[in-house]
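See the structures that follow.
Two complexes follow with chain A in common, the first pairing it with chain B and the second with chain C.
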Partner chain A sequence: MNDDAAMNVQNLSVSLPVGPGLLRAVNGVSFQIRRQKILGLVGESGCGKSVTCLALMGLLKGRGWQIEGAVDIGGACIYALAQEDLRQLRGKEMAMIMQNPMSAFNPLLTIGQHFIETLQNHCRMTAGEAVELAIANLARVGVPQPARLLQRYPFQCSGGMLQRAMIAIALSMRPAVLIADEPTTSLDVTIQYQILSHLASLREHYQTGILLVSHDLGVIAQMADEVAVMYCGYIVEQAPVDELFDHPAHPYTRALMASRPQMQRKRLRPIDGQPPPLWNLKDRCPFEDRCHEVADSCGDYRMEPGICAPGHQVRCAKYATGQEVILSELA
Partner chain B sequence: MGKLLLKRVLYLIPILLGVSIITFILVHLVPVDPAQAYLTLANIPPTDKAIAATRTMLGLDKPLFVQYVTWLGRVLRLDFGISYATREPVLNELLYYLPATIKLTGASLLWVLAISLPLGFFSSLYKDSVLDHCCRLFAFIGASMPSFWVGFLLIYFFALKLNLLPVMGMGSIWHLILPSFTLALSYAATYTRLLRTSLLENLDQTFVLYARARGIRERLVMGRHVLKNALLPVMTAFGMSLGYMLAGSVIVENVFAWPGVGRYVISSIFNRDYPVIQCYALLTTLIFIAVNLLVDIAYGLIDPRIRMDGS
Partner chain C sequence: MFKKDFFHQLLRRRLTIISLVILSVILFLGISAPYLAPHDPSQVALQYRFQPPSHQFPLGTDNLGRCNLSRLMFATRVSLSTALIVICLTMIIGIAVGTCSGYRGGWVDNLFMRLCDIVMAFPSLVLTLVIIGMLGPGFLNIIIALVSVQWVWYARIIRGMVLSLKERNFILAARASGTSDLAIIARHIMPGIIPQLAVLATLDLGGVIMHISGLSFLGLGIQPPTPELGAMLNDGKQFIRNDQTLMIYPGLVILLAVVSFNLLGDSLRDVFEELRR
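== the complex of A and B ==
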């Protein structure tokens, strides 16, 4: 494990029994969130991004969720901890920003009460001290009148303001890891940009490693230091951001990039077909049916990770079987 | 908040006026002539001459509109007339019986809270457990049994067979237990279900997940985030029920010979004691509206979205 790793995820699998079958939401996912770095997790809707986030926070409870693998933070696996110890880690060592700020706040409490409640649950401090800290943190995420925002109820605030408040609350405890599950999806583009630039600059101030989840390749390209591409619960490709965008190796990543809107092209190029249902996953490659580069070797491939360049991991039959890859051809 | 209150109080005027017109007209639509009812209760033979004289005395010979205005004028001075049966002012009579009914309803209220809050809470917390299934069965049975039957069953078991509690009447606190429980049962059942559903709905809310993600203690998550939000719809329904309980104690009061307003009104209806019926209708309306006003205020205190409406 690297010295600067804030969170280390090893072989994490999450599944849920549904009727007679098993819904396999996350399959053998491994990655590291490094301090001050942003790891981008990208994938289409329903590929297991949000479940991964909840599993990292230890928030998948009830309903028979089955979790395997290890999520280490500060040298301890969160699934080996007692509930109370895990609760103390949440919000303090690992914080989370929810997707939709409008429904994440309790409608009956002011923003200030949310702040005070969170801080007092982790440290001994008076309400006055909590408010002081809140004002300082809100100012840092660009809230013009922090004291006034604290007095307000969620229904009186815009989505952008609430998202800033959520970031401020998350960062006020200086967590080692911040998990941001599509933090800007429900905001309009100008606000999106402001929020993201705050996130990017704050990670240095707070020494926080960020897992940035998005389905937006543009956001990931701009923000992330390292990128993991998720498909059907597998991380199919993982590489430093420049390497991934310059030399995408997995057919899914390439199809995803080709489907982005571009200036010089009038029509979008969608990926054919639909992802297979998650409760029907075999051990085979889940992208096989949609892939343009299917080969005979795909039939025997069991999703073993392969490496196509230093620090560039791919789960594709082409790289597992030792097939020669000419990187210049891909560029 | 002040604006909201003022609006609610102003609403009272048209509502009470409307109810007064309806009750006034209803009483005059029934086939029995009030003058005849008056004479029968006074034990005077209803000859044509006597009826004509009574009609003049009660003002029944004047046009309906004039009668209403005269009656309303008196009502505004809190003069609801004289009971045909007892010759006492109607309002005094009703106010004499009201405390007993309030006592009964208050005790029922305690039952409802004591039963439905814990049952609903644990039923939702341990969803689909044995406890939950028992609670749902209780809610189903409790809501479907008519109160007069429950009353008789309770009397049979607890008063006659086990000899634990008095059969009927009012007196010690023991007298209160059976009638208040009878009145409470169906409401307790309904509220158990209502609270359970509302809690389950709120447990799935994003703000609960977010509260947990912030590492808030579970007790605080349940109390402050789940329960507080879940109580809102329950409170609204509660305001309605309280009014119904006050007015609906009629059956229970008769089963247990409880000397409350409900029993008094039933006998008045059999006697065609019109002034009593009218006064009762207005009184019930007033209570109903007052209770709902209180609930609105409580709602506003809890929910800022209501409190700050329009400001």
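== the complex of A and C ==
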């Protein structure tokens, strides 16, 4: 484990009992969020990205969510902490940016009141001091006239403004980890560009490690230092960004890349079929039915992680340990 | 900004203004009863029985020669204050129970809601009568009886509102920024339910006044010689052939108060709906 890891996720599994079965939303996910680095998490809708984010914040409770594995931050697992200690961590050591800024603000409170709330949750300060800090933070994310924004109600602001405010609030306590759950999905491209470039520059200023969740491969390619590809709750492939985009190893990743719009090609190549339902997911590879590269070895494969290059993890029968010999023989 | 809009919208309606005027007159008479009433409301003066309105007795006197106007003012005071106490207690209990069970869920929710089910299984009037029957009539007992029957409706409604509010995204965002449960309830949930609660309470005030007067009319509520609107109706009932005004005055006050509270509640609801849009 690296020393600069801000958050270390070990073998995280999240499941939810649904009727007679068990909905397995996240399956044995492990990764590290390192300080000043951006870890990109890509995957299609419903593959467990948002559930992973909420689990990292310790926000999944009630309804019988079952969580296994460890999420270590500052040397302690958040699931071993008392509720009150966990609350202290939230917003201070780990902060979150929500998907839809329009709904993440209480319509009855001004932006300033949201700011003051977060700051006073963690520091003893007067409302006046909080406002000063808020103005400084808002200026840093490029908000013109921050003092005026603080007096506005959420419905008086544009989505981009709100998202900036949310980023400023999230970063105001200088958290070690920032979890950005699709921060730009609801924004148009120009605002997306501005928000992302602010995020990129802020992580250096605040020494924050960022988990950037997205289903936009372009955003991930541009922003992330390392990428994890998620499918049906598994991280099927994880590698440094250049390695992953230059040599995608997992058939799913390759199919994703092929389905991107590209300059030369006229038609998109979609991935056939649908992801399997998440309940009663067996230990078999969930991509088997849609995969173009199925082999006989797939039948026995139980999603053990394999390594195809240094720092490049893949969960596919082709790269499973013990298969390497056969591969090299074939070559 | 909200406040300005709110009052602007509220005062644009003519019925609201009428009901506000009536209510403030009634409230003023009730509040100022000890200072403005011309006579002691329970001073019996048999030589002045059934006097017509005069300088000395502006609304005449009743069968015991007591000043009708003074009695009416004190009765209004008693009825309204009892109703307000009942509504306040109901709201406090309802808010406490409703937010607890809505926010916490689980066994707390189950416990409180089954309790509500039990209370709601009986017709509320019957239950009120039973409680008063057990405790005996009286000012305190009628409050206990009405509150213990009414709080369940408030608890139910508030629980429902809390349930839908707590699933909102901004609650999740507040939790993600480390806000404690108490602060979430106080700052994010309460402001969301207060408007609807205000409507509910205003509409209910009329009902509670009716209940109190009704029970007093039946002799189960506030006991004579304390003047109370329902009890005055009951007193006047025996003399309906000689002097109808004995029943008309308290009846009129009840009517005006109840109708005004209902109108006010209705227009409050309309205004909140308008503002939400």
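A few notes on this one:
Criterion: the second predicted complex is superposed on the first by the 320 of 331 C-alpha atoms of A that agree within 3 Å, B and C clash if a C-alpha of one lies under 4 Å from a C-alpha of the other, contacts with A are read in each partner's own complex, and residues count from 1 in each chain.
Operating definition for what follows: a residue touches a chain if its C-beta (ideal position, glycine included) is under 8 Å from a C-beta of that chain, and two chains touch if they have at least 3 such contacts.
Note that the coordinates shown come from a computational prediction; the quantities given were computed from them, not determined experimentally.
After superposition on chain A, the partners chain B and chain C collide with one another. In the overlay built on the shared chain, the residue A:Phe155 is in contact with chain B alone; chain C does not reach it.
Applying the stated contact rule after C-alpha superposition, one finds that A:Phe105 touches each of chain B and chain C. Legend: residue contacts after superposition of the two complexes on their common chain; A:Ala221 is shown touching neither chain B nor chain C. In the superposition on chain A, no contact is made by A:Cys298 with either chain B or chain C.
When the two complexes are overlaid on their common chain A, residue A:Glu117 makes contact with chain B and with chain C alike.
Judged by the touch definition given at the top, the superposed model places A:Met57 against both chain B and chain C. Of the two partner chains placed around the shared chain by superposition, chain B and chain C are both touched by A:Leu89. By the touch criterion defined above, A:Met257 reaches neither chain B nor chain C. One listed stretch of chain B collides with chain C once both complexes sit on chain A; from 22-30, 58-66 or 166-174, that stretch is 166-174.
Comparing the two complexes, residues 57, 59, 87-92, 95-96, 98, 100, 103-109, 117-118, 121-122, 153, 166, 169 of chain A contact chain B in one case and chain C in the other.
Taken together, the chain A residues at the contact with chain B in this complex read 57, 59, 87-92, 95-96, 98, 100, 103-110, 114, 117-118, 121-122, 153, 155-156, 166, 169. Across the interface of their complex, chain A is touched by residues 205-207, 209-218, 220, 224-225, 228-229, 302-305, 308 of chain B. Taken together, the chain A residues at the contact with chain C in this complex read 57, 59, 62, 84, 87-92, 95-96, 98, 100, 103-109, 117-118, 121-122, 153, 166, 169-170. For chain C in complex with chain A, the residues that touch the partner chain are 1, 105-106, 168-170, 172-180, 183, 187-188, 191-192.
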